[in-house]
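For clarity, chains are labelled A, B, C, D and E in written order, and residue numbers in each chain start from 1.
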Amino acid sequence: MTALSGTIPVFASLEGAPIALKAWILGMLENMGMPEPFLMLVSIQLSILGFFSVFLLLFVLASWFERKILARIQNRRGPNRVGPAGLLQPIADGIKMLTKEDIVPVAADKVLHACAPVLIILPAFLAMAILPYGKNMTPVELEVGILLFFAVSTATELAVFMAGWASLNKFSMLGAMRAVAQILSYELPLILAATSVVMITGSLSLTAMVEAQGGYLLGILPNWHVFTPWGFAAFAMFFISALAESNRTPFDLPEGESELVAGHMTEYSGFKYALFFISEYLGLYVVCGFAVALFLGGWQAPLPFLTFIPSWIWFFAKILCLVFVAMWIRGTFPRVRVDHLMNFAWKFVIPLGVMVLVSAAVWHLAGRGPLGWILSLPPLLIPYWLMARAYGRNYDAGGRVYRFAE
Amino acid sequence: MGITAKNFIASYTKPESLITEEYPEEKPKLPENNRNFPFLVFDDDPDAGLRCVSCKICERECPPQCIYIVQERDENGRPVKQPKVFDIDISVCMSCQICVEVCPFDAIKMDQEYELSSLDRFDPLIHDRQRLSKSNEYYHSIHPAEAAAVDAVLAEKAARKAGNKKAADNES
Amino acid sequence: MNALSTESIAARVREAVPEAEVELIPNKGPSGQDSLLIGAAKAVEIAAFLRDDPELRFDYASNVTGVDWPERVVKERVTATEEVDGETKEGKKVVETKIPGFLEAVYHLYSMERKHGPLVVRLRTGDRENNVTLPSLTPVYRGAEFQEREVYDLYGIRFDGHPDLRRLLMWENFADYPMRKDYTPPDDYEYEPTPHDAVLEKAKRHQADDGCGKGDPA
Amino acid sequence: MNATAYILLGILLIASGTGAAVLRNPVHSGLSAVVAFVTLGMLHMALGAQFIGFVQLLVYIGAVAILAVFAILLTRPEASHLPCLRPLRRAVAGAVTAGLVLAALLIAIFRSPSLNREPGPVAEAPVAEIGELLMTTHLLPLQTIGVLLTAALIGAVLFASTNHS
Amino acid sequence: MNPPSETGSPSPNPAESPRYRTAGYDSDAQLLEVSLGPQHPSTHGVFRMNVALDGEDVVKLKPVFGYLHRNHEQIAEQVSYLGSMPYTDRLDYFCSLSNNWAYAAAVEKLAGIDVPERAEYIRVITSELTRLVNHTSFLGFMLSDMGAWGTVLMYAFREREKILDLFESLTGSRMMGNYMRFGGCRCDLPPGWLEQARKVVDGYPAFLDEMESLIATNEIVISRTQRIGRLPADKAVNGSMTGPCLRASGVNYDIRKVDRYGIYDRFEFRVPLGDHGDCYDRLMIRFLEMRETLKILRPALRDIPEGPVMDPKARQRNLRPPEGEAYARVEAPKGELGFYLISDASDKPYRYRVRPPSLINLTLLEDLCLGEKIADVMVILGTIDIVLGEVDR
C-alpha cells in the first residue's frame, strides 16, 4: 500500500494541475504589469489553448487508433512502418494532405466551395467550449450549455449542403441531399434524449448535470444516468443518433457510398478534404464528450476509492472508450440503405424518444428508488417490443430454413 | 459484433492469427513446384554444356510466342546443335511451362526467381541466352525431386546410347 | 446420353410442325452428339414446340454460338468413266467440288425439367455476304439474348426479332466481324521492340505508309 | 466595450440583410440571410439573454435556413431569369420607398415619450423562470402553437406523399 | 479506340425495347442518367452499367461489356489444343482449375481419351477446392459491396490463402494452375500434400460457422438483401440462369447430379435449394454449398487410390482429334461452364467456343434491378457473382 499511498499526493496535486498552471501564468503576467482587459483575454486564450491542443492531439491519435483497431479486427497488423508502431502515420497523412494539389472544379461556386469546409469544422470547436473536462474545469460556464451544442450543430447541415451545391456535380448533389436529410432526421432523437436528462437534473448547464450524477448507490454503483432504465434507453438512442450525425458506419451513407462515389466530398482535395476528415473525427469526439457528460457521469470516478485519479483523466478515458466502440462498430457492420435509415429514425427512434421522456417522468415522480425502477420499465419495454415486432414482421429475422434435393 | 471482438483480442493473444507477412524482412518460402519464368540448364560449361539443341519445338509450341531462337552456324555455314540467340521476352511470357513439357531434351526448366523488376519497359525484359542459362546445381537447388528424376532419365538415356554404341563397335 | 435419340426427336418435330425442313446431321467424332439442321422459315415455331412439348420439354438454351464455314474446295478421288477419244476408260480422277460458304448458328438445348441431354440445333444462312439474316430465338429462349448479340458482333449474322440487337463486345462503329476465318486484324498497334522480327516488319510496314494501314477500321 | 460590440453587430446585420435582398445568385442571398440570423442571435447573447440567443440560432438556422436552402435546391432557379424591373427605374423606386419608411420610423421614435426615460434595470431571466412562465401563464399559446405546427407537419407529409405515388 | 457508346447502332430496330418500365413514372421528373463503372469500386472488374434513376429507383439499366475483350476464341483457333490450356486459366481467374477441367473434358470427349482413376480423384478434389475459394471470396466481396469494408473480406482471404498455398505446391502457381491435360493431370501430388489438404478441409467448418453467425442473422444484412432482386423459377430457367443463382430460385439443376460426369456419383452430397430467389437466398445457398463441398472433399481425400496420373497413350503435343464436334460442360462455381469444339482433324481446333456462365447470368440483371433502389443494384450484381475475364473473354 505504501506505493499507492505515495502516489496519492502526487495524483492529488495532478487534480488541479491545469487550473494551477493557468493561475501561475496569470499571476506571473500580472506582476509583469499586464493591464486588466488583456489579462482576461489571456486567460480565455489559455483555456482555449488547453482543450484545443488536447483535442487536436486526440484527432491525431484517432486516425492512428482507427487504423490499428480495424487492422487488428481484420487479423492485419496495421501501420507499423512510419515511426515506432506506426505512430507517425497521421503526421505522414497530414503532410500528404497539405502537399496535395487543391483542385477546385471550374464550374464550381468558388466562394461556397471555399467556406464549406470552414463552416463544417466550426460546430466542433464551438461545442468544445462547454464540455465539463474536470471538477470546475469547464472553459465557459454557460447556464444554457446543452442548448449551445444543438444550436451550433445545425451548422453542419448547412456546410454539407454548401459543399454539395458548390461542387455542381451530380454525385455530390445527390450525396448532399442525402446527408442533410440524414443529419436532420437524427437531430430530433438527439434532442429528445438530451431533454430527458435536462428534465431529471432540472438545469440546462452541463456542470450541473455532471454534479447530479455524483455519489454512489450502496457504496459501489455510481448513480450515473446510464444505470437508470430511462437513462440506458436514452444513452443508446443518443449514441446511435451520434453515429448518424457524424456519418459513421453503419450510417456512412453520404460519403462511404459504394455507388455514389464520395457524396458531397467528391470535388474536394488537398487540405480542404483534410478539414472534412478532421471535422468528422472532432465531431465524433465532441458528441462522445456530450454522451459522457450527460449519461456516463462526466468526470465522476466509477468507484468511490478511485477518486484520487484526477477527474479530467476519467473524462478523456470514457471518451476514448466510446470512440473505441464506434470504431468497433465500424469494423463489423455493413451500411444501411437510405430508406431503412429514414424509416428507422422516424418510425422507431423518435416514438421511442417520446416514451423515454415519459419513463423519465415516471421514474422521477416515483421517487427515483426501486419503485421508480419497476414503474418506469413498462413504458419503455412495451412500445419497444410492439414496434420491434411490427418492424421485423416482413423480414424472417432468424434466417431461413432451406430444403435440399438429392 | 462478438466475432470481430474475438478476432481483435485474438490478434493480441495468438500471434499466428496475424497474417501480415513483412515482405522485405521475411521472404516468402516457395513450395518446390513453384514456377516463374523459364531458364536454360547447362551441365558444366555455360557455353558448351548447354542442353538446348535449338530444335525450336518450344518456340513453335509457346502459346504467346515469346521465345526467339537463332541456330548457331559454324564457319562454313553448316548448322550446329547450339542456339546462337535464345531470347525470352518475359513481358509476354505467362510462365505456363508448356515449353518445359514439350522440350524433348529437358533443356528448359522453370525458375523460382521473382525479383525481376526493371526500370525500362523494353530491353531489360528480353532475357538473352547468357542471362537465361543456369547450372544444373542451381536446378537441383530449386527443384530437388524433379531435378533428380531428370538426371536419372538423362543418365539412363546416356547409358542406353553408350550401350548401343558399344554394340555398334563390336558389330563393326 | 440423351434419353430419346435425335432421330426420334426429328420425327416428332416433322409431324408436329407441318412443313418444317428438319434434317439430321451425324457427328463423325466419338462424342455421339448428332445435330438437327432446321430451316430458317419455321425456326421460331420449332423452337416453341421443342420447349413446350410435354414429352421433350427442352426449356433451357444452354449455349448459342456461331460457326463460319467459308467456301471449301473438296477434292475427292472418284472413279469416273469418261469418253477419251472413243473408248470408255476406268480412271481415278480428282473431282473438285466447290461447296458454297455459309454462316451457322448452333443452339445447344437442354431440359432442366426432365434432365435429358443436349439437342444440337443448327440454323444456316444463305451465304456469307448479303443474305445473312436468321430468325432470333430470343422470344422463345430469353437466355439467348446476349449470346445472339455476341454472334452478331463476332460473325455478322443478323437476327431479326431480337429485342435489342447491338454489338456486345466491340464498340459501335467497328465495321468488321472478328471471328470470321477471313478476318485480318489491324496492324496499327503501337510499335514495341520485340524479339520477333516478323512482328517488327509488320509494324514498320505499317509505320511506313504513315499509320493508315489497310486493316484500320476507322 | 459593449458599445463597440453593438456597432459592429449592427453594421454586420444591416450588411447581410441588404445582401440577402440584393445578391443575384439565390444561394448567396439565402446564405447571407443565414448570416443575418446569426448576428441577430449574437445580439441577443451580447444583451445577456443567452436562452433567446441560442433558441434563435437553433430555430432560424436549424429550420428556417434549411427550409429556404432546400427550396432553392429543389427548384434550382437559374440566377439569370429572375424577373426584375429595368435597372434605372428599379434604383429610383427602391430609394423612394426606403426613404419613406425611414422617415416614418424616425418620426415615431422621436415623438414617443419612452425615449428619454432612464433605461430600467436589466431583467435577470434565468432559464428556469422562463420555463415556469411558459408552463403556467403562457400555457395556452404554447399548446395552440404546438397543435398548429403538428397540423402543418401532417399537411406537408400528405402533400408530399400524394404527388409521388 | 473510341469508348463504346450505348446509343442505338444501325441495328434493325433501334427503337427502345418495350421492356423498360417508364410508364409508372411521370415523364417530366428529371431522370438522372448515371453511368456506374467501368472504373467503379464494386463492379468486380471493368463493367459498366448505364442506369437511369428517378430519385432513388432504377428505371432503366443497360450493361455495357467489351472493356476486357481479347478474343480468346480466335487465339485458341490459331494455337494447338495444348497451347490454349494455359489460356483457360485466364477465363474465370478465380476458378482456374475448374476451367481446365471443362476444357480437358471437352477435348477428351472430342478425341475419345479416357482418364485414369487417380486423375479423376485429383480433378474432383481440386475443382471442389476451387469452389470453396470462389464462394469464400464471393462472401468477402458481397459484404464489402454492402459497406462493411474489409472485415469479412480479410477473413475470407485468410481462408482462401490456405487453399491457394495448396494449389501453389501442387500446380506451381496460386491462381494460374494450367494443371490438367487431355487424359489426366500434369504431375502427381507432392509428398505431404494430402495431409495438408486434410488439415485445411478439417479447419473449414469452424470458419463457416464464424462467417454464418457474422452474416446470416445480421439485421442490416437481412434488411438489405431479403426481398430484393426476386427471380421466379420459370424466368430463371428461360433466361438460362445457371449455378447457385438458379438453385436459389428453387430449380433443382446441378450438373454434377444431372450429367454425372467425372466420379461425382461416388460421393453422396445434397443440392441446397432456395424458395424466394432473392439476394438473401443466393447468399445463403453459397454457404450451404460450401458445407456440401466439404462432404465431397473428406471422402475424396480419404480414399484417393494410388496409380498413374496420366493416361500413357494420351498425346499432348500434336494431338489430332478425329473430325467431329463435342460439347462438354462442368458445374463451375459460377454456373455451367461449357466448351464446344469442332475439329477438322488438324492439330488446331476449327471452332473453339466457351459458354461463359457469368455473361449469361447477366442477361436477367436488368429484370432484377428494375424498380429497386440504386443501393440495391450493387447488392444484386454482387449476388450474381460475375468475373469480367469470363464475361468479355
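In the analysis below, a residue touches a chain if its C-beta (ideal position, glycine included) is under 8 Å from a C-beta of that chain, and two chains touch if they have at least 3 such contacts.
Just so you know, these numbers come straight off a predicted model, no measurement behind them.
Student: Which one chain sits nearest the middle, judging by mean Cα positions?
Tutor: Taking the mean of C-alpha atoms per chain, the most central one is E.
Student: Count the C-beta pairs in contact for B-E and for A-E, then report the pair with the higher count.
Tutor: A-E
Student: Which integer distance in Å separates the CA centroid of subunit C from that of subunit E?
Tutor: Spacing between the chain centres: roughly 26 Å.
Student: Using CA atom averages as chain centres, what separation in Å is found between subunit B and subunit D?
Tutor: Comparing mean C-alpha positions, subunit D is 82 Å from subunit B.
Student: Could you work out how far the Cα centre of subunit A sits from that of subunit C, in whole Å?
Tutor: 67
Student: Starting from the mean Cα coordinates of subunit B and subunit C, work out the distance between those two points in Å.
Tutor: 42
Student: Among the residues of subunit A, pick out those that touch two or more other chains and give their numbers.
Tutor: Subunit A, residues with two or more chain partners: 73-76, 331-332.
Student: Which subunit B residues reach two or more other chains?
Tutor: Residues 3-4, 7, 19 of subunit B each touch two or more of the other chains.
Student: State the interface residues of subunit D toward subunit A in the complex, per the touch definition above.
Tutor: The contact residues of subunit D facing subunit A are 1, 25, 27-28, 31, 34, 41, 50-51, 54-55, 57-58, 61-62, 65-66, 69-70, 73, 126-128.
Student: Across the complex, what residues on subunit C touch subunit E?
Tutor: My answer: residues 1, 27-31, 33, 35, 59-63, 65, 67, 106, 108, 112, 115, 117-118, 120, 141-147, 150, 154, 158, 160, 162-173, 178-179, 183.
Student: Mind listing the subunit E positions that touch subunit B in their complex?
Tutor: Listed in rising order, the residues of subunit E that touch subunit B are 75, 79-80, 82-87, 89, 151, 154-155, 158, 161, 165, 168-173, 176, 178, 186-187, 190, 210, 213-214, 316-317.
Student: Along subunit B, where are the residues that touch subunit A in the complex?
Tutor: 1, 3-5, 7-8, 10-12, 17-20
Student: Enumerate the contact residues on subunit A facing subunit D in the complex.
Tutor: On the subunit A side, the touching residues are 37, 109, 111-112, 142-144, 147-148, 150-152, 154-155, 157-158, 161-162, 165, 177, 180, 184, 187, 202-204.
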